[in-house]
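Next up: the structures, one after another.
Both complexes shown next keep chain A, but they swap its partner, so chain B is in the first and chain C is in the second.
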Partner chain A sequence: MKLKEFIHQNKTAIQEEKMSSKADANFEQLLKDKLHQPKKQKVVFLKFIAVAASLGLLIATFVWFNNQPEINKKQQQLLSNLENESVGKRLEGVYTFNDEYAKEDDKIIETLLSILHKDENTNVKIATIDALLKFPKNESIRKSFIKALEKEDVPLVQIKLIKAVSFLRENRAQKSLEKIINSEQTFPIVKNNATLAMAEIKK
Partner chain B sequence: MNTNQLIKQCKQNNYKAQIEVYNAYKNMMLGAALRILKNREEAEDIVQDCFIKAFEKIHHLKEDANLGGWLKRIVINKSLDIARSKDNFIITDELEILENEPEDVEDEISISTTVIDIKNCIYKLKDKYSTVLSLYLIEDYNHREIGELLNIKESTVRNQFRRGKQQLLKLIKNKEL
Partner chain C sequence: MKYLQKITVILIAFAFLGLNAQEKKIKFYKGTLKICSSKNFQIEGYDGDEVIIKSLHEKKGENSVYVVNGFRNNGTYSYSNSSKNKLARVGKAQSISSSSSDSIVKGRLVFRSNNSERKKGLIKLGTKSNNSDLGIYFTIEQNGDELLFKDQSQVGFIMTSNESYLVKIPNTLKLNWKTNNCKDRDRSGEYRFFSSKNPSSLSNFDGETEISSSVNNIKLKDVTGPVVVNTIGGNVTVEFEKKYPKNLYSIYSNNGFIDMQIPNKSSLMVDVIGKSVYSDVDFKVLEEEEVNDVWQKTTKMKLKFGAGKTKMKLNAGFGEVFLRKK
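For the complex of A and B:
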């Protein structure tokens, strides 16, 4: 018989080699690992995360949009009170800020600092100092207290400011305090408070 | 399931269909890999990898395509890549002269020759001869296709085949004696 003919007649037997049962078992595991469960689960899990994240983002955006006008409305009301001609309204504004605002709001603090320097009403100024003392780390507030102390001539406000810089242990206020202590126009009670504050700061 | 249905199910990543395809073609695939690599363990690993690769790429295959032929091409290409990477065989092109030896070699084999004899004798051949001979006689590639697979000229394939066949017949004859 010719070689080619023999091979042709026994093609399958010559062509095939028996795969070991160990290899079969390995393949079943390999197939599962590569193309089935784990990958599928991962994809489903990732899809779930993606959907959840999208929903979360959507809800957060919705809540933010809904709350935004309310916050703006409140802030506008407060600013309008602080700038009102009526002393009562300005006081109401300061107390509202004192009671409701736990966070620093640049725009409101700027308005309160302006009140500290320019308002003509003692009560409003005193209430404002109390309100500003909520933020002892704010540098512009600390500087404003020192600046106000230099210019202020109303004894009650002077005492409030002296107590404020003493509470803040503001070293830079020493010059202003000395000026108050040495001034002949200063009320004795103010001088006493200034002397005590100076001693407190120097401790 | 017929082949068309099997391909369709495999495209849907059906585990049962994939196992059915594996069982239907694994031995043929192993034979093809083993004749090139001559290492059973390595050939089994290659066959498994080729099935996975095939299932990943099966969406490229038409449903009426020859699944067995397609799988065989994958495993032969992969096995040749591995063999080349290990320098198992390097066939360089020869001068474009077809060896003009007459077909004087006796092509006849004894009636007592068994399939195992043929397999063993092919196995004993040098890698370059066993590969060309297997691709031509067993996998049914023609000389041009083998040339493309091995990146050599068709005339070189013909010469390698002729020499390989002579050696194979010699081995078979010695076995018979």
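For the complex of A and C:
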């Protein structure tokens, strides 16, 4: 028998067939099950996420706590070396910054700048200028070089500063350079360097 | 005849030693020994608690002649008595070797002092310069944990000198040695150079060392560091015989050379900058570049020797660097 015929013959039977009264209860039960089951699963899932998240957070905090002192320790060590009374220790600090650290860390740069202006040892100052030259775009470093050039009177440091402003092509240093060139107290070798720097900057 | 000559030499040597046998001892073993003097010093470290100063020259006022040069507006000139060691000319200052019989230079006074007979049995009064009886012609001051040696004549005139001192210092001290005036501000166009045949030297020292010089040569022997040296035109020679570098070495020179022995035992990470670098040491060359140090071309290298533990920063600027086997 063909399907079409069968449908046609039983049309009324199919259309009029009513759901059994049992079906209602069955359906309700089914609905209940279907509706409640996912809810439970969702909660478990959420709980799992929560636990995972807090675990993750815990691990992250742990790692952070473990790493933070590491960075801090290195920075602290560097800063304490840079502020040490011993010239050897200060130099070691500057060299370590130069060789291993070399990040534009505000606190360290601030310390380096104060060394540039105040330190009494020539080697420490020269190494510091080398370290600061790693950040040619830093405006406060550039300004500090000009300021230091005006005040510095140790020939070796003067030469290093002259080379620094020339390397940075720092136009604002012209006045300080002129002062050095015209001063009778300047060492001739410093004068030569200043004259060369002036020519370089004006290029 | 030769035998006689030898005896004479020995006798003279004894007489000379006898003259210089006096020494000054100062109990000082904690803190810093600061030297601000252009005189010649041979400094030696030792394990003790006294600073011992011995003069290696003849006492003044006996056989020696001392010469005073007048102050000139365009700079003061001072002359070295040694005929062998001619100093480089730096700026206004000129250094010319001359003997005491040379009396051509204008404005120069020669004093001959011969009052030793009259001084016999008498003691010099006053607290100042009471070390001159020991042949020590610099001022010694102690302030807390700093012991200071400084030149007596600060301004006005300069004495020509062939003074030389042997100073023994405890290894527990820090040494801060400036071969010029310690006042950085004082740049009145006056440069003083004292020289003798031997360069000033430091040997056998384990404490922290800081040396600044303008043109004086510096010789270090068996100094373990930390060593911090800077000079404009002086040459720096570092030798090792019994010891090896254990702490940071930092040497800056603008145009002098750096000549350093590298003992087998050492473990070094050497950053070196200079016109050229010469060596016969088995270094591992980690980096090598020719840098334009603004207007001069310099060689820049990173060298490793052994495990590379001790940092060494050698910057000779225009000068050359020699690293040789021990």
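Note that in this section the second predicted complex is superposed on the first by the 140 of 203 C-alpha atoms of A that agree within 3 Å, B and C clash if a C-alpha of one lies under 4 Å from a C-alpha of the other, contacts with A are read in each partner's own complex, and residues count from 1 in each chain.
Definition applied: a contact is a pair of C-beta atoms (placed from the backbone, for glycine too) under 8 Å apart; a residue touches a chain by one contact, two chains touch by 3 or more.
As the structure is a prediction and not an experimental result, all values here were calculated from the model.
Undergrad: Can A:102 be said to touch chain B (first), chain C (second), both, or neither?
TA: Neither partner.
Undergrad: Once the shared chain is lined up, is A:26 touching chain B (first), chain C (second), both, or neither of them?
TA: A:26 contacts chain B only, not chain C.
Undergrad: Applying the document's definition of touch, where does A:10 land relative to chain B and chain C: first, second, both, or neither?
TA: It touches chain B, and chain C stays clear.
Undergrad: For A:166, is the partner it touches chain B (first), chain C (second), both, or none of the two (neither)?
TA: A:166 contacts chain C only, not chain B.
Undergrad: In the overlaid three-chain picture, which partner chain does A:34 touch, first (chain B) or second (chain C), both, or neither?
TA: After superposing on A, A:34 lies in contact with chain B but is clear of chain C.
Undergrad: Can you pull the chain A residues that chain B and chain C both touch?
TA: Of chain A, no residue contacts chain B in one complex and chain C in the other.
Undergrad: Where on chain B does chain A make contact in their complex?
TA: Per the stated touch rule, the residues are 13, 15, 18-19, 22, 26-28, 30-32, 34, 40, 43-44, 47-48, 51-52, 55-56, 107-109, 111, 113, 115, 118-119, 137-139, 165, 168-169, 172.
Undergrad: Considering only the defined contacts, which chain A positions touch chain C in the complex?
TA: 86-88, 91-92, 95, 121-124, 126-127, 153-156, 159, 163, 166-167, 184-185, 187-189, 196-197, 200
Undergrad: Give the list of chain A residues in touch with chain B in this complex.
TA: Answer in residue numbers: 1-4, 6-7, 10-11, 13-20, 23-24, 26-28, 30-32, 34-36.
Undergrad: So in the complex, which bits of chain C are touching chain A?
TA: It is residues 90-92, 174, 184-185, 187-189, 208, 210, 212, 214, 225-226, 228-230, 232-233, 247-248, 250, 252, 254-255, 293-295, 311, 313, 315 of chain C that touch chain A.
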